[in-house]
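Beneath this line is the structure, given in C-alpha cells, with notes to follow.
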Amino acid sequence: MPLTPEQTQEIEAARANPRPTLRAVSEGMEAHLYRAHEVLDHGFVRVVDYMGDDSAIVQAARVSYGAGTKHVSNDEGLIRYLMRHWHSTPFEMCEIKLHVKLPVFVARQWIRHRTANVNEYSARYSILDREFYIPAPEQLAAQSTINNQGRGETLQGEEAARVLEILKSDAGRAYDHYEQMLSQEGQSGLARELARMNLPANIYTQWYWKVDLHNLFHFLRLRADSHAQYEIRVYADAICKVVADWVPAAYAAFEDYRMGGATLSGKALDCVRRMLAGEAVDQENSGMSKGEWREFRALLDEG
Amino acid sequence: MPLTPEQTQEIEAARANPRPTLRAVSEGMEAHLYRAHEVLDHGFVRVVDYMGDDSAIVQAARVSYGAGTKHVSNDEGLIRYLMRHWHSTPFEMCEIKLHVKLPVFVARQWIRHRTANVNEYSARYSILDREFYIPAPEQLAAQSTINNQGRGETLQGEEAARVLEILKSDAGRAYDHYEQMLSQEGQSGLARELARMNLPANIYTQWYWKVDLHNLFHFLRLRADSHAQYEIRVYADAICKVVADWVPAAYAAFEDYRMGGATLSGKALDCVRRMLAGEAVDQENSGMSKGEWREFRALLDEG
Amino acid sequence: MPLTPEQTQEIEAARANPRPTLRAVSEGMEAHLYRAHEVLDHGFVRVVDYMGDDSAIVQAARVSYGAGTKHVSNDEGLIRYLMRHWHSTPFEMCEIKLHVKLPVFVARQWIRHRTANVNEYSARYSILDREFYIPAPEQLAAQSTINNQGRGETLQGEEAARVLEILKSDAGRAYDHYEQMLSQEGQSGLARELARMNLPANIYTQWYWKVDLHNLFHFLRLRADSHAQYEIRVYADAICKVVADWVPAAYAAFEDYRMGGATLSGKALDCVRRMLAGEAVDQENSGMSKGEWREFRALLDEG
Amino acid sequence: MPLTPEQTQEIEAARANPRPTLRAVSEGMEAHLYRAHEVLDHGFVRVVDYMGDDSAIVQAARVSYGAGTKHVSNDEGLIRYLMRHWHSTPFEMCEIKLHVKLPVFVARQWIRHRTANVNEYSARYSILDREFYIPAPEQLAAQSTINNQGRGETLQGEEAARVLEILKSDAGRAYDHYEQMLSQEGQSGLARELARMNLPANIYTQWYWKVDLHNLFHFLRLRADSHAQYEIRVYADAICKVVADWVPAAYAAFEDYRMGGATLSGKALDCVRRMLAGEAVDQENSGMSKGEWREFRALLDEG
C-alpha cells in the first residue's frame, strides 16, 4: 500500500475545498489533483499543482508570432505546427509540480534531467521509512545477451526464488541495522547522515519535482521509451496519462511527433528515397554500418 | 496610454469568470491577475498566471527536511530560516508568468537572466507598433562623472530640450521609414526581418516571461537595486509590489535578508569586530582598498 | 574591414607564443585560435579558447558506459552511436569560447539560446563604435508572400536603392545624434545608458560566448538551417567550419544525423511503410494535414 | 588505495607528453593535471581538463565594461571588484573538468547542483567494483542533539566497534549477493540494472563533472562550509586547493568575500550601526528571533 491512512486523509481534505480562481483551469487536471497513482510496489506519482493548459501554449505562441499565426485555422493545428518545427518556448509556458515516491536507484536516473526543480526528502534531517522495492516475479529479468543495457528472459524457478530471497533479506537486515545504529537507547546513536549509508538502492525516497511541459516531454520521450529501464518507465507511463488529461492537444502532438516518430539520418533518408524509386537497397550499398542498418530496417518493418 | 481598448476589454473578460480549482490559491495574487500595472510611458507588467503561495514553500521544505522542520514554530519563521541559510529549492516551487511590455534596451538587460522561459513578440513574423520610450524630463540625466555606469545631475534647459527633440524625431523618422520599406503599395516591400533593423532601441516590444520565485528574487535583488538603471528598476519595483501580495512572508524575508541586507567580506567583518572592541579603524589599517573602504563606510553610515 | 590594426596585432601576438600543455589538444582548432573569420560587412567570429576534442567525447562515454562500450570497434563508430541515440552528455564534455561581433538584431535572436555563458560589451559603461550592418544588394529581399517569417525575391532598381539609402542615412544620423547627446563640450552630456536608446538594431555589438558542444550543435541545427534568417545563418555557417576542424568525427555525425536528417512523425513513418509496400498514398489518405503532407513530400523529393 | 596500477600508469602516460598550445595556460593547474588527490578511503578528485585562468576573467570583464574598466589599476583589483559586486559572468568564462570517485550518498548531494555537466559510470551497463566507504573511527559521530542536520560527539568503545562491524559486514554481504545474482555460472544471471539495487549507499561510483568557475564557487561556498556533511566537505576542500593554484586571484577574492564573509540582514546591519553608536543591543531590542540573534552574536564573536 503506497499511501498511509494519514496521506489518504490529507488528499481527501485537499480535494474537499475548491476555491475560485481567475487562472487558466484544466478540468482534466483538476480531476487528478493530489490523487496518488500507484507505481511499482510502494511508489506513486501525484499532481500537486499545475500552471496552464492547451490554450496557454497557443496564447504564448500568438504573442511571439503575432499576426503570423492567424492563418493557422485552429489551436490544435497550431500546436501540431509548433511541435513539428521544434518551437519549444510556447510549451515552456506550462508547468507541473509532482509529488513522487520512488526507489533511490530510479531517483538517480531521474535526476540526470537537470532542467527541473527538486525538493527531496533528506536522510540527513530525517529517518527513512522501511519500504523497499522488490520486483514482481515477472520483472525478474536476466541480463540481455545482446544488449549491455537491456534485459533478457525472465528468471525462473530456483534462481528467481533465490534472487527474491536475497533482495528481501538484505533489505530487511540493512534496515534493522540502520535502526540499531540510530537508536539512542543505551547508546549515543549514530548521526542520521552517516547511518543512511547502510541502506540499499531499492529503498524508497520521495520528492517534489517541478518542470515545464517542454522539458517534461523531453523526459517522457526518453523514459517512456521501450529502451528505458522498466522501473522508471512505469513512472513515465503514469505521467503520460496525467499529461494526456491536462493538455490533450499538446499530448496528442507529442505522441505523434515524438513517441511515435523517429529521426532519420541523411543516409537513411537517402535510402528511403532510393527504395521508393524502386532501387534494391541493402546494408552493403546503404552507406550505413551494420548496427545502423539493423535499426533502420526494424523501423521500416515495425508497423 | 499603455493599454489599447481591445486589451482592456480582454482583461475585463478574463477577470469576469472565476472558476473553481483545487490548487493553492493566493488571494492577494488573484486581485492582480491580468491587470496591467503601468510602467514608463507605454509599458506595463501584468500577471498572467502563477503557481503556489507561501504555504507551498513551507510544504516543499517539510518534504525535504521532514521531522527536522517541526521545531520551527511557524511558517513565517521557517521561511525566514530558509532565506537566511540560502535554502533556495523550496522557493523554486512557486512560479509566476508575466506579460511585460518594455523598451528593447530594457529587454536586452532583462534577458541576461537566463533561468526563465520567454516568448517574445517576433519582428520577423509581425510588424511592431509605433511606440517609443521617451524619458520624462526629470529622468534626462547626465553621465555621472564619478561612476562609469551611473547617472549624474538632471539635464536642464536647452540641452534637455535638444535631447528630447532628437529622441522624438529620430524615432518618428525611423518608424516612418520602417513603414515605407515594408509597404507593398507600388513596390515589393522589404522583408519584415530586414526592415526592423532600422528601429531604435527605445521601441517597445513585449513578452511572456515565466520564472520561479527563487530566480525572480535574484532578478529583483539586482534590478530593484539603487545601482540598476532607472528604466529597468521601475519594472522591478512594480513586480516587487505584486510579489508582496502573492507571497507576503517570503517577500518580507527577501526584503530583510536580500534587499535590506549586505554581504561583508572577511576583512570587513574583521573591521566590525575590531571597531566593536573599541579600536580606531581607518582605511590604512583596515586591509581594504580605498574603494572597498568607501563602500564599507557608506554601509555603516547608511542608517 | 571588421578588424582594427590594433586587433590584428593582438591576434598575431597571441598566436606567436605557443606554450606547453598536458591537456587534450586539437590541432585543427589550434590553427583557428584567435583568428577572425569575417562575417557580414563588419562582423566576425573567432575562437578564443576551447576544451576537449573527439577523444574527450569518447573518454566521457567510456566512463559512463564502462565495459559496455568496448564492443564498438572504434571512436568514430561510438560517436555516431551516441549521436544516433541522443546520448548528449558526452558531447557536453567539450566547450568552446567565441568572440563574436554581430548586429544587435542578430544578437537578440542568438541570446534566446540560454544554455551558454555571455559577456557582452556594455553600452551603459562604454561608447559604441560607428558600425552598422548594411545588407549587400543581393540580400535585400522582399517579404515572402507565402511564409510569414521568410524572404521572397530580391528587391530591384529604385526600391532597392531607396532601402539602402534609408538604412545608411538613418544609421548615420542616429549615430551623429548619439555623439551629440553624449558630448560634454559646452554641455553636461547625456548618460551613456540613455543615449544608446537612439541607436538602431543594425549597429554592431560584440560578446564572448561560451557553450558546450551539445548545446552548440543544438544552436547550429536551428541557425544553420535554411529557414533561419540569413544574417544569423552566416554566423552559424562560419562556426560549422570551425567545429568541423575541432572535432571532425563529432561534426560528421552531427551533419548526417541532425543537419542532413529529419524527424518523421508516426503518421509520416506509417505512410513511408505503406508506400514501400506498394500502396498509393496521397494527402487524403495519409492522415496528415495539407501543410504536413507538403513538407513530407518535399522531404522525400529533396534528393 | 584509491588508484589501480593501471590508473597510475595512465596518469603518468598522460603527463608525459606536453604539447604546444596557443590557449591560455595556467602553470599552477598544469601541475595538477590528471593527478589524483586522495579523498576518504577510496575516493579521489583529479583535474582532467580546464579552460582559462585569471587573465581570462579580466579579459571577459573588459569586453563587457570596455573603457569603463581602465580605471581599476590592476587585474587583482578588478577581480575583487567583480566578486564584491556579484558580477558573475566573467567567472563563467573559466571551466574545469574533474574526474571524481565518491560514495553514492555523497554523489546524491553533489548532483543537486544542477548547473554542471555530468557523465557517471553506469551500473546498468557495467559492474561496480567492490569498494565501500567505511568511516575512519574519528568520523563516527553521534547525531547532534541540538541540530537536526549535524553531528555530535564521536562514538566510543563498543558502540563504535558495533557500527563499524555492521557497515563492513553489510557492505560485504550485499556485494557478495550482487555478484551471486549477476553470475552466469549455472544460471541465467540477473540483469545488471536490477542487481545493483542491492548495493548500499556507501559503495563508490565515479563521474566526470564539468562546471564553470562561477558555479564551482557556488558549490564550494556551500560544500566547503563547516555546516556541510564531512564526507562531501573533504571533496570541496580538495577542489579548493586545486582552484587556488589554477586562478589565484579569483580564489583569493572568493575566500575573502564568500568563504570568510557573511550576509547580514537589514535588521542585523541596523544592530551593528546601533552598537557602533554606543547603544547596548540585546536580543530583546534587536528585532531578531532568538535563533537569528544567536547566529548574529556568534558571527561577531568569531574572530
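Some notes on this structure:
By written order: A, B, C and D. Residues from 1 in each chain.
Definition applied: a residue touches a chain if its C-beta (ideal position, glycine included) is under 8 Å from a C-beta of that chain, and two chains touch if they have at least 3 such contacts.
Worth saying up front: this structure is predicted, and the values here are computed from it rather than measured.
In the CA-based superposition of chain A onto chain D, the rotation angle is 180 degrees, rounded to steps of 5. Interface note: chain B and chain D, two copies of one sequence, contact each other through mostly matching residue numbers (shared numbers exceed half of all numbers used).
If you average the CA atoms of chain A and of chain D, the two centres end up 29 Å from each other.
Once the centre of each chain is set as its mean CA position, chain B and chain D turn out to be 33 Å apart. Centre to centre, using the average C-alpha position, chain C and chain D are separated by 35 Å. Residue positions 65, 67-68, 89, 112, 118, 120, 122, 125-126, 148-149 of chain D each touch two or more of the other chains.
The part of chain D that touches chain A in the complex is made up of residues 103-105, 108, 111-112, 114-115, 118, 120, 122-126, 133, 135, 139-144, 148-153, 155-156, 159, 162-163, 166-167, 170-171, 173-174, 177, 180-182, 184, 187-194, 196-202, 229.
For chain B in complex with chain D, the residues that touch the partner chain are 65, 67-68, 71, 77, 80-81, 84, 86, 89, 112, 148-149, 222, 255-257, 259-270, 272-273, 275-276, 289, 291-292, 295, 299-303.
Of all residues in chain D, those touching chain C in their complex are 14-15, 17-25, 30, 33-34, 49-52, 56, 59-61, 63-69, 89-90, 92-93, 95, 97, 99, 117-122, 125-127, 206-208, 210, 212.
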